[in-house]
Every structure is written in structure tokens, then in C-alpha cells.
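Note that the chains take the letters A, B and C in the order they are written out, and that residue 1 is the start of every chain.
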Amino acid sequence: MNPSVQALRHHFEEGGAIGRALESCGDTIVYVQASMLPRALEFLKVTPEQDYDYLVDVTAVEYRDAERPLELVYELFSLRRRAQLRVKVELDKSEDLVIDSIVPLWNAANWLEREVYDMFGVRFEGHPDLRRILMWETYSEGHPLRKDFPLRGRFSRSEQVRRALNMNPEAHYSMEELSIAQAYHELPADMRDRLARDERGKVPDPESS
Amino acid sequence: MATRRIEFNLATTGLDPQGRAARLPLGVADRGGVGILTGEDEPQLGGDHMLVNIGPQHPATHGVLRLVVELDGEVVVRVIPHIGYLHTGFEKLGEYRQYNQIVTLTDRMDYLAPMSNNVCLALAVEKLMGLDITERCKVLRVIACELSRIISHLVWMGTTAIDLGAFTPFLWCFQERERVYDLQEMWTGARLTTSLTRVGGLMADIPDGFESGLREFCKTFPNTLDEVDVMLTRNAIWCARLQGIGIMSAEEAINYSLSGPMLRASGVPYDVRKDRPYLDYESYDFEIPVGEHGDAYDRFLCRFEEMRQSVRILEQALDRLPDGPINVSDPRVSLPPKTAAMSDMEAMIFHFKQVMEGIETPVGEAYLPIEGPKGELGYYFVSDGTAKPVRFRVRPPAFINLASLAKMAEGHLLSDLIAINASIDIVMGEVDR
Amino acid sequence: MGLDVTQPTDAPPDTTVVSPVSPNWVTTKLDFIVNWARSNSLWPMPFGTACCAIEFMATAASRFDMARFGMERMSFSPRQADVLICAGRLPFKLAPVIRRIYDQMPQPKWVISMGACASTGGIFDTYAMVQGIDTVVPVDVYVPGCPPRPEGLLYGILMLQKKIRGETLADRTLREEHPLDERGLRMSPRLLDEISEPFGNSIHQTRSG
């Protein structure tokens, strides 16, 4: 077992912040309470004895067993000590899937968290630019890597092709759009709703009004 | 205010059946295909920033990458990469496939270096199962990894040279690639989509003539490298276009989790082959080239030297190639020989069970990184004890390296953006998966 | 230069073979000259997305040398291109892009669908993939293979040249534009669903999971 787990337990004594730890195939896995995640990762990153300076990967796992919570996986590596540690967070699927972003700690988390948001629907609070990254932004079938998402998508093939062909390939090609996309989460709810229906970029016709 | 009426014909069909414009150029209101520009709407060329859209279909973006670039004159103010144009759903599809069936998916992920992807997948599943593979298999997999590294860097070098205006290295690089393709085809039957590995071994042993062919390649390939070296390394244009371009300091490179030549060019000597050895890489004698400036030129030098080191590894691997089986003897993992399956009842049952039900892995999870040509390529499997993974995740080096493009390109010229993008060595199949 | 003046054997059945003295003599000779010129100077627009694009590059490089068939001039702008070669898989996110590129190409234009993914979706029967580019743009030649060897692509190109040599200027329907219909599709949704159905092995594989 990786000694960093003991150090974590020692440093975060209060209220079960550090959950169980186990070893699988030689890798050490430690569970951390969701609210404590940024602090725990910061401790692992900046403490000289820990020195986990390299964020290898951020991803999520949903199990086939619907009862099990969704897990976020943070794979850490220390370049100097050549040590590996996998930090996991459990998110209850019956509640909102929200967690604090770790982009302030590692810039690498930016796109990785966007991918988790896109594929699993986990929202990262404090992320500078949380948008879909692989699917297009008006994609409305859901989050593809969730277990309740069918392999071929929710819509029929003809509906998928129709929506794809009616997508605007020039989205994001104006200053207004770019700033809207960046400020997406600060927008009023009704505007967000209209944007989600792909009403972006239309200039109202002055003659009809 | 003077109103000007501009009629224009759209190059696209442009009109929907109601006669309304379906897709209009930006800045033009939807007025039935006729744009009205008032004096206020006229573009102000003075100090305004300009948006340039590059891609998704563009010869210099190395695939279907789309970059929206905000320019102040010719200087890049910011770059917004849009990816996902090649999102295929590998990770979802992998959850519906048995482990050996996923091998075919990995070919098509990083299609510039399919064999190293195959090897990484097999190693990850073997780590999950706690399997020890045979000595011969290990050496053959090292050969596969290093051949992949060479052909991936060759494509990178050829296409980067084209981006920067030199066509000849592309032809030389592809000529060498064809020779490796011949070897791959000899071994696996396919030029590109090799599907080389199986859990616990390989799909086939190397055929007669492969060893001598590879030795011949190792002997003559450095000559081509020398030619490219003469052509590029001290070329004034090449240096001017690459030196001091897209600099990442060591701290930034670690903060962005860069890996592979991108990280090493910034002076961080992290190579998975040395730091987290797999396939007995610690017993081979080779050097890790490390840059000091962290610019595009150092990345070129790192990749260039890596090819020479790969040739060294290939020669050592050929020298030590032991005899013996390539597959583990466990009948639940590797298929019995065809003759045994046809004549022996037990072998036939194992054959049937493996083909129909797949290989069952114990409950657990494993992350295994290898040093792919693009960087740290990792496969992460979560198993619930069945023959299909609960989660199949690839740690894509090109995806994570590409995330730093916006940081690197800021403040450079538009033409340097192309050089920086080329220096990352992306492959969109892996970025988007 | 040896010009082959025999009638194309693959001419459509309703094409009548005319005698040299018939009033159609001029048309057929003109057809011949035009088709000869067109078929031997095709400018390809390489719409390379994935693995097939690498084989396409190999086809253009030294060993296979597409220049032998008058195709060495890659036209990266659709406005100067004759043949759209879709090399690689086509996700839904890219579908409007290929449609836009096809619409931007001037007549006469042809499309080669290179590889299994472009032709049928290949092994990727997933939520993100168009099941064959013929649901988005019309296709003239399908090249099978995953990916096709360069020889396979060259054979496909030769077949396209043969097809072009069988065309006639008299048939105006060949050069008609077929824009998307009011639904934004190029075929009826039923037909689209039908040709996007999974086939062969993939039915059993996906339903068992």
C-alpha cells in the first residue's frame, strides 16, 4: 500500500474525509469525500514528501450495477518519486453530479474535465469553460458513456442524420458567439435555453417586428 | 445613412425549399438570400480583431481539427481548438466488446502507430489478469512498439515538412514507411490495421524472412535519416520556422501534463520506458533525448533522435530474440492450436468457450501506461468479472498535448500556429476517439 | 497517342449506338473528347478523416504514385475539385461539413467513398457515426477494405474513370444538383433507417451486451 494514503489520513483527520483505500493490480486507490477533493489533491501536489506533480488522467466510471455510485478517477504520478496514486470520488447518482474543478491545480484538467462533463454529465464547479468537447454543443441525446445510454444513441438513424445535417457548421465563427460560449453559465436561464435549441446567431428581422 | 444593397450568389445551394436562405455567411441577416449592409455594418479594418477559421477540413491541421483563431493583424491573440469531429465512440463500443475484440478498435485509434496501441491494450488486460507473458512475446512486442514509433515519427516528419514548405522529405519518409508496411504485412497480413496482439500473446509469430528484412531495414534506414538530417536540421528555413516557436517551460509542460517528445523537449526527462518500465525495457541500452528550449525545434530534434534510438533497440531485440512459444500456455486465455481443436475434445471446448464467451477477467481495475510515439499512452480497464469491461478508457497523449495549443500559440504569427500545431504531433483518431 | 475509339461497354442500356453518319455523330465525338479529358485529369479533393487518409497519402506518395492517373494535383479547396474522396469514418459532427464541401464543388463532380467506414459505417455501429456517407451525399464508387490498400483505391479510381467515359453530355440529369429536401435529408427517413440497419455479426454482438 502506498504510504501516501497514511499521510492523507493523518493530514485530514476530521470527519471521514478520506475513505477506504485498496490495492488493485498493484495500483493504490484511495477514496476521498467529494467536498474534500481539491484540498486533498492540493495536499498531494504541493507537499514535498508527496510531490504528485503530474496529473495523468481524469475520468469517470459508471458500473453496470445501477446501485453503485458514479466514480470520478484522478490518476496521479510523481515524476520525481516515480510513485502512482489513484484518487477516487464517489458521486451519488440520485443527486446532482457536481464537484469542484481542479483546473486551478492543473491546467491539464481543463479538457479532461470537459470530456467527463460531455460523456458523463458531471458538472465541475469553477471550471473556466465547461462546454461539451467531443459532441456538439446542441447534442440533445444525453451523455453517451452513461450506462442508460444505448450504444446507437436514443434517436433513430434518420433523426440523427437530420439533426446532424441541420447543424450549423459555422457555429463559433463570430466574436459574439465565442464570448457567449465562454460566458454560457453566467447567462440567464431563458437565454441558455434558447441557445440549447440552437437559436444562436440568428439576427432578428427588423421588418417583421 | 446610405444603405447599400448587395446581391450575392451563394456558392452553396443555400436556399431551403421555402426559398429562405438556409446558411448564410456571418454578419449577414436572414433576408432571403439578399444581404443588406448599412454603413455601420461595414467591416472596420482599423484595429479590430479578425476571426479566422481553420478546418475542420484543412490540409495543415493533420486531420479534422478545427481552430478558430482571433487575430490582431497577423498575430494570434487566442486560439480556440474545436475537436470531436472524429468522435467515433471507441470507449462506449469497448464496453460491448470482449477484450480480444477491442484489439481491432485500438488499431483505428492511433492509426499512425497501430502496433503500439495493440501492445498497450494487451499489456493492460494482462495486468488486470496478472498474466506473465513469454520471453519471446516480450521481445516481439518491443519490436512492434519500436517499429510503430519509427513509422509514426516518419509521418510526423513528412507532414510537418510539407506544412513548412518542403515536399521531398515527405516522399523519403513515405518510402521508408512502405518498407515497414511490408514488414507489418508480412507479420500480420495488414498494412495498417494490424491487430497484432491477443491477450496473453500475439496473433502470429514472425514469418520466415521477417528477421532478415528487419535487419536490412535497421541497416539502411539510418541512411535515410542522414539524408533528412542534411536536408532539414541545419536548413535555414527550417530553423527559422521552428526555433523559438511554441515554447513551453518545464513547469508549464508538467502543469499541462504533456508527455512524450513534447515533455522531453522542455527538459523533463520522463519516459515511461525508463520510469515505469514494461516489457523489460530496463534491460535495453538506449538513450532518452531531452531538449532544453522547449520549442518546436527541440521537439523535432527529440523525435529525430528517438528514431535512431529505436533502431538501436530494434537491433538489440533482434539479437536477443529467444526461441519458444509466443502465447501463454493457459488454455482459458490463448486459443489451442487448430489441429488440437479439431482432434481433442478438451481443446475444442476451450476453443468454443473462448470464442463464444471471451476471456473472463477478475474483478478489479488496472491502468497501464506505455511510451507511445505521441507520449504516455495508457489503457484503463475496470472489470466486474465478466468478459467485457465495465469501463474502457484510453489516456490519449495527443488529446492532452493538444490542449496546450492555445497556450503555446498565443502571441505568435498565424503561420507559426501551423508549425506549432504540427510540432504537437496529433492524430485525430486518438484525440477524438 | 493511342486513342481507344470503341464504344464503352458499360453504357446505360438506353444509349443507342449511333453510326458515323447519324446526326448524333457530333455529340458522340464531343462526348468522347470531353470524357477523355475529364477522366484523365481528375482533381481529387481529399476529405481525409481517419486511417484511410493515411493509405490515401501512401497512394499519393512515391511507391503508388497517383500521378500516373492524372490525379497528382490535390485540390484542397472544393471549388477546384472534381472528385471528393471521402477517406475515413464520418461522425455525425462531420456530416454537415462533408455536405457543405460537396455543395461547394462545381459540376461535374463525383464522389469516391473509400473504406468500410465511409461506405457503411464499418465496425463502428455507434451513437456518433454516420452509417455510410451515401446517407449524406451521393456516391459513385465504393472502395471496400479497412483500410483499402492503395491498389484498391487506384482500382476504384480506374472504375470511376471508366464510369466517366460512359457519360454523355446529352443526359442532363447527370449534372443535376440534388439539394437536401425540406426535412434536410437526401432520402426518405424510412430508407435511411433501413440502410443504416446493422448487418451481419454486429446485431448479435451489440444486443448481447
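Quick note on the criterion: a residue touches a chain if its C-beta (ideal position, glycine included) is under 8 Å from a C-beta of that chain, and two chains touch if they have at least 3 such contacts.
Please read all numbers here as calculations on a predicted model, not as lab measurements.
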item	value
Set of chains adjacent to chain A and to chain B	C
From chain B, the most remote chain by mean C-alpha position	C
Euclidean distance of C-alpha centroids - chain A vs chain B, Å	23
Whole-Å separation of chain centres (CA-atom averages), chain B against chain C	28
Chain A and chain C: spacing of chain centres that average the CA atoms, whole Å	40
Per-residue multi-chain contacts in chain C, two or more chains	93, 97, 100, 126-128, 180, 206, 209
Where chain B touches two or more other chains, by residue	23, 84, 87, 89, 92-93, 96, 432
Sequence positions of chain A contacting 2 or more other chains	135-136, 144, 149, 151, 168-169
Contact set on chain B toward chain A in their complex	23, 26-27, 29-31, 49, 51, 53, 68, 70, 80, 82-84, 87, 89, 91-93, 96, 127-128, 130, 252, 254-257, 268, 270, 275-276, 364-367, 369, 376, 378, 380, 382, 384, 390-391, 393, 395, 399-400, 402-404, 407, 432-433
Chain C-touching residues of chain B, taken from the complex the two chains share	11-13, 15-18, 23, 56-59, 63-64, 84-89, 92-93, 95-97, 101, 104-105, 107-108, 111-112, 155, 170-171, 174-175, 177-178, 181, 191-193, 388, 428-429, 432
Residue ranges of chain A touching chain B (in the complex, touch as defined)	24-27, 29, 53-57, 59, 61-65, 73, 75, 79, 82, 84, 86, 106-108, 110-112, 115, 119, 132-136, 144-145, 149, 151, 168-170, 172-175, 178, 201-203, 205
In the complex, chain C residues that touch chain B	47-51, 53-55, 57-58, 61-63, 74, 76, 79, 88-89, 91, 93-94, 97, 100-101, 103-104, 123-124, 126-129, 146-147, 149, 177, 179-182, 205-206, 209
For the chain A and chain C complex, residues of the former touching the latter	135-136, 141, 144, 149-153, 156-169
